[in-house]
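After this come two complexes, each holding subunit A, first together with subunit B and then together with subunit C.
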Partner chain A sequence: MTKSNLTRRGVLRSGAIAGAALGVPTYLRAQESGFTNAPGDSSVTLGFNVPQTGPYADEGADELRAYELAVEHLNGGGDGGMLPTFSSQELDGSGILGRKVEYVTGDTQTKSDAARASARSMIEKDGAIMITGGSSSGVAVAVQALCQEAGVIFMSGLTHSNDTTGKDKRANGFRHFFNSYMSGAALAPVLQNAYGTDRKAYHLTADYNWGYTTEEAIRSSTEAMGWETVAAVKTPLTQTDFSSYIAPVLQSGADVLVLNHYGGNMVNSLTNAVQFGLREATANGKQFEIVVPLYSRLMARGAGENVKGIFGSTNWHWSLQDEGSQAFVKSFGTKYGFPPSQAAHTCYVQTLLYADAVQRAGSFAPCAVAEALEGFEFDGLGNGPTLYRAEDHQCFKDVLVVRGKENPTSEFDLLEIVEVTPADQVTYAPDHPQFAGGALGDCNNGA
Partner chain B sequence: MLGLGKKDTTLLLIVAALVVFAPFILNPFPGGSGMAQFNAGYPDLMQRFVIFGIFAIGFNILFGLTGYLSFGHAAFLGVGSYSAVWMFKLLSMNVLPAILLAVVFSGLFALLIGYISLRRSGIYFSILTLAFAQMCYALAYSVLTPITGGETGLQLAQDDPRILDAARDSGNLPVPGLFGLEMRSTADLVLGDWVFTFSAGYYFCAVVMLISFYMAIRIFRSPFGMMLRAIKSNQHRLNYTGLNARPYTLAAFVISGMYAGLAGGLMASMDPLAGAERMFWTASGEVVLMTILGGVGTLIGPVLGAGLIKYMENILSKINGDILHSWFAFLPDGLEDFIVTIVYPFIGKGWHLTLGLMFMAVVIFLPGGLVEAGQRIARAVRGRRSDDRKSATTEPAE
Partner chain C sequence: MDAIILQILNGLDKGSAYALIALGLTLIFGTLGVVNFAHGALFMIGAFCAVTLSRILTFSHTIIDESRTDFLGNPLKVQVPYVQDFFGEAAGATIIDWAVPLSILFAIPVMILVGVVMERGLIKHFYKRPHADQILVTFGLAIVLQEIIKYFFGANPIPTPAPDAFRGSFDFGVLLGFEANQIIYPYWRLVYFAFAAVIIGGVFAFLQFTTFGMVVRAGMADRETVQLLGINIDKRFTIMFGVAAAVAGLAGVMYVPINPPNYHMGMDFLVLSFVVVVVGGMGSLPGAVLAGFLLGILESFASMKEVIDLVPGINQIIIYLVAILILLTRPRGLMGRKGVMED
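Moving on to the complex of A and B:
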């Protein structure tokens, strides 16, 4: 214990210092532009927030490659990629609105908290005007909400859950990737043709948000065509051995197994299912079948031989023959030596769409950019004619139904396109029950 | 001052000064220069420094004083965050009720878990707490999705009731605040090339952190703190003297759980989202690392450890290959690539590797953590000075 010795003079002196310190903020800078992180005259900074560690690190690495390629093309480097094939010809390789495009990167670790921390540091420290990336719906939803609060645009990367543009949609967030509902709507007719209308399905579902919406979407569209759902079992996301979940499937009376799994989960569960002989089994007098709603090339490579003949859906595939896809595959392949994944494609396209919207709006202000993106119709970016719907900021375009190839010619040539489901068939009303319960709110320019 | 000894008062004042002037101290490099990469003076990271400081201070009350190593402390952080966000959703966007509920709820939770786990000590206690925390994580991630939002995390929504707040007409989500002062509001001070950002949220956290720090000092110096140290040094002997140690350990556990809840509540107040990852075992492990890195059982150590780890996580992890190339661009091409290849695994996504190496170095060479490093330097300086004066007085070790 010490005795304090306050003197009148001491108190006055410290009071004067404190007063001076408090007076300092009167010299503070005002935001004259009217929106967060207005760029200077020479350069503009974009924030690429991708998983560099954790279960989706492969996708993240591919997304980052695509972003670097997009920046190169926007700044006039390389062969221009999809810029010449894009229906909107506003971008000319001189950056965005004459400003050179620079970027910062961050690691989401596929965790909402880490992703938000990384995005906040991009916004607060590096002055990023737009955040993009992510390879998981949880992260996309979390970062989208953050960008809404901070007043910057969020262009989501790979996120497939209905919620991103459903109950968690935000005015500052935009999604180019397709969603669970579209997977269900595109897969159902193909499954009906291949396997008939009298089937009994058994679902294994990853126990988190994306798994739920995918299961719901596949169930409702298969049940609509006459299938019956025998059981739907949730599996923990961290599960690596699915034997105990696969074992009861044959005894359940089901003759189709639907694996609502993604990434490593899907690789493991499919491998287990094949090891248990499900592919050769017969049930109810029919050949037993397996369906994987969301496919990616990286997953197909992980599962190897086991994907042969298995149906699934995908947003984009490098073997597409349209001009835009070809141009993208060519410039990606020239730079990195292998074809891009669907994650890389959607990230590349999102960056171009953002740059184009700024160019058309003539301003970086998020509200102006959002207005330019809303209801925007474009073509030449690999998915055919596409609409950015104003009501929920979701892109509507053709969906690919793919099947594991029987005789792959290379380690990248693992999927074959069975059907290109036209956009009309996968379009839904903005207030569809699977998407109900959210509101875009007003766009936010920040301060 | 305030019932503290002279040494503790000095310590508290030093910490207060560091915290108040953090926006200047953490922004030493002018913006636009190559070194600006290493600036840490932006609101989000500064908030993290003090919030995880609180978390580590609380953890240290349990681990540093009683020696009970809880490996599930992140569960309380998570419970605090969820309670705070629920308060924002249901009651009001004012942070005070949210933080209050976060502390109360995590305290109750700690009472429950502590009551069961403290029946064992040593490694069994650690495993029990770890098991509880993982259970909480699994529940929050899937089973309790209606309450916790599952994988997506618990977020605010437009149509939340918020019964105390006035009806809103704007289409945007409300922001947490303290009687109208928004937590995210900032003011910038421009001095030449430097931009210093003062954030309302940061200073709010800083005040809470100073209060927590002061309370931790009082606990360390109290008879109760002495009793906790007795438990650490020899619990058997304490039992033979007829004292029941359980109420003391339980009290310490609940207090440190409340500190964790406070940190969780503050986290939610700065950024109104609560995710299940906050409760994952790696998050529990992180606070153990912070405490050991800084110095177990010291007052300032855990705060330093928390700062160091959060700095590395947020700054080191953002350095990518391109930045490295620009640093070493002055070297000849072959050499540049070579050096970048050597350095690259340790930065960017490899920051965990650097952290691991540092942790090993600290545990092997500085068992007392950063605080011991500081003491050794101080002793070396003082030793040289006393050599000059040719006096042979020695300071007793802390």
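Moving on to the complex of A and C:
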């Protein structure tokens, strides 16, 4: 008779240990592979963190459409979108490194704490290996810092503040979208041609991080060409009626109003400015003008016909005629019935860029992916030749200066491109004062 | 001087909105004793009545314009409103152009219905509950209502302009003898102020000069005695809830050309309107109106660059600062009645 070593206590102990090991979140098992959330052999999970509720929910919905399209194309579905036009031909529709791409979504609510919580949940519970998305710089900076700590790559969505790749840059974070400095550099020559060098500008600036960097960028660009800034007034982010801020503008001696506002703030301030007759007014013997540094489609739709003739800048526009843009618009428009927004475009491109970097690196390890993205030069994704600069993880590419269209043919046909500012005109040194104060630090694999 | 006049004008139209919302809040509090945090949502629903009518009037059929193409290169689909088919192009365009003023007729029955359903369906069950419970349930209701609106209309602001005749602005300064371009004031804001004055006057007249109003005022003063006289005061108070809802709704309807409405606009006004009610004095209708205009004007002055330079951040706290000062010196508010909210 053989004696068994199995005891009731031993079975219970072993069971408890095995159960605990299986219950440990994927990210805590990172040591096995050397990095956080190493995917299995069959699939890989990406985390799309977009505003699904709150004021930017519609922009978030468009981002999500673009992500779903990107996943479809990466997995070999649909018409492939920009995969055939992308200069790097590493992606062949077989997923990423042979793994089927799956995704989970989170709701940022356009609140930093909510965005961090949803990103954390996707990393810790869902095993997301990369987080991407968002529609605000505050959210981007907060989630980027979280991803750095957690050891996953963050491919930001719509974030325009200089700080995202300036004082708050992180080694695990990458931005395709343009920034405030680039808006200023692109807009200044167009404004000079249209309105001359002898202008007096009055700035209304949203009282938060993005507003400050945008005001600083536009002021320095316009003052460099001879404009004078007569006043810069901060407006509360919660302000809805800007009449009391708009009304004194004409009395100030200014002949240009710069609205450093985004989203609902911009819709209301521009509407109020037009109501108060600034478009028809003359000051200092000149026609009074309004400038909106950053345009988005939701803002243009919200402001309606008030955007007519008003200059601004944008990262991308569906009317671009290059091969990549046309492929994306066709793919997106056929699937959803309307053209994509710039937010959708940057999110789609970020997903492809991440997948391509993994493919080229031959690894999902964040530091290998970061290395593949750093200094990467590519084309065919809608913005012309582009560089992902190694020093700050910012993309450098052409910037579009747009103007509100006089005779739109549809609710999506609100802006027209007046200038494609070449990338070298909006490129700055990595240690430029507007981006000072931060360091990328070391890449974090998380293990 | 011109800057001061300009900010007073700005304060008047802002104050008009505060006064209209606070008037409804006070009516509900004075009659039913309910602290209604869903009142901002009624303002928002009113605004979306204008959006809805505007969409009904622009309800269209599609024709294909072969001469033009859409963004995918297909023949362009052009929307033609049915209104233009029925009334002809010019008349149809005029009707669409006047969608916002026409919405007043649409909003009154809708808002009264919404108010009565809200009162009978939910709020009446909380009459005898503490104010904290009332605040919680009405705040929850406000969130539900705004999420419903967001579901149907999206999160983006929806431009809903004033009729062509009232767009643009006029030089008010020239009328007063100032130089040109010093006091520019939009036509529609003047319309809004006049409209608010008519509504406020109408509500006061209704309460002051009708038998119904007299009974309601008596019920506000002493509900039990009025009930002992055999008058069904509850029914009248329910109707007053509907009237208060309609006042908030009309304030919202006429506000849409000033700022494009979105689902959150009610919340933007709610907190300020409560401050207005408290400053005016709980339960005091004239107090609500007076405080509405007073705080609107003060808020405008605090937004002047010279004032912000002098006291940075004053534009963000002025209303609350004034509220603290008034409550410290006059604890019942400007025109508060003794015994209200003091038990």
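Methods note: the second predicted complex is superposed on the first by the 417 of 447 C-alpha atoms of A that agree within 3 Å, B and C clash if a C-alpha of one lies under 4 Å from a C-alpha of the other, contacts with A are read in each partner's own complex, and residues count from 1 in each chain.
Rule of thumb we're sticking to: contacts are C-beta pairs under 8 Å (C-beta built on N, C-alpha and C of every residue); 3 or more make two chains touch, one makes a residue touch a chain.
Note that the structure is a prediction, hence the values are computed from the model and not measured.
Chemist: Are subunit B and subunit C a fit on subunit A, or do they clash, once the structures share the same frame?
Modeler: fit
Chemist: Classify the contacts of A:Ser112 with the two partner chains as first (subunit B alone), second (subunit C alone), both, or neither.
Modeler: First partner only, subunit B.
Chemist: After superposition on the shared chain, which partner residues are touched by A:Asp163: those of subunit B (first), subunit C (second), both, or neither?
Modeler: first
Chemist: If you stack the two complexes on chain A, which partner ends up touching A:Trp210: first (subunit B), second (subunit C), both, or neither?
Modeler: first
Chemist: So, A:Pro236: does it touch subunit B (first), subunit C (second), both, or neither?
Modeler: Touch partners of A:Pro236: subunit B and subunit C.
Chemist: Tell me which partner A:Ser121 touches in the superposition: subunit B (first), subunit C (second), both or neither.
Modeler: A:Ser121: touches subunit B, not subunit C.
Chemist: When the two structures are overlaid on chain A, which partner does A:Ala283 contact: first (subunit B), second (subunit C), both, or neither?
Modeler: Only subunit C is touched by A:Ala283; subunit B is not.
Chemist: Go through the superposed model and pick first if A:Gly441 touches only subunit B, second if only subunit C, both, or neither.
Modeler: First partner only, subunit B.
Chemist: Once chain A of both complexes is superposed, is A:Ala145 in touch with subunit B (first), subunit C (second), both, or neither?
Modeler: Once the two structures are laid over each other on A, A:Ala145 reaches subunit B alone.
Chemist: Note down the smallest distance between any C-alpha of subunit B and any C-alpha of subunit C in the overlay, whole angstrom.
Modeler: Between subunit B and subunit C, the shortest C-alpha distance works out to 6 Å.
Chemist: State which residues of subunit A lie in both footprints, the one left by subunit B and the one left by subunit C.
Modeler: In subunit A, positions 53, 57, 234, 236 sit in both the subunit B and subunit C interfaces.
Chemist: In their complex, what parts of subunit B are in touch with subunit A?
Modeler: Within the complex, subunit B touches subunit A at residues 1, 3-6, 9, 39, 42-45, 48, 138, 141-142, 145, 150-153, 155-159, 170-173, 175, 184, 187-190, 195, 197-198, 271, 273, 275, 277-278, 313-314, 317-318, 320, 348-349, 352.
Chemist: Can you list the residues on subunit A that touch subunit B in the complex?
Modeler: Residues 1-2, 4, 24-25, 27-29, 52-53, 57, 104-107, 111-114, 116-118, 120-121, 124-125, 136-138, 141-142, 145-146, 148-150, 163, 168, 171, 207-210, 234, 236-237, 438-442, 444 of subunit A touch subunit B in their complex.
Chemist: In their shared complex, at which residues does subunit C touch subunit A?
Modeler: Result: residues 2-3, 6-7, 9-11, 13-14, 68, 70-72, 76, 150, 154-159, 161, 167-169, 181-182, 184-186, 188-189, 258-260, 262, 264-265, 268-269, 299-301, 303-305, 308, 315-316 of subunit C touch subunit A.
Chemist: In the complex of these two chains, what residues of subunit A are touching subunit C?
Modeler: Listed in rising order, the residues are 53-58, 231, 233-236, 238, 240-241, 243-245, 247-248, 250-252, 264, 267-268, 271-272, 275-277, 280-283, 298, 301-306, 318-319, 329-330, 333-334, 338-339, 409-410, 412-413.
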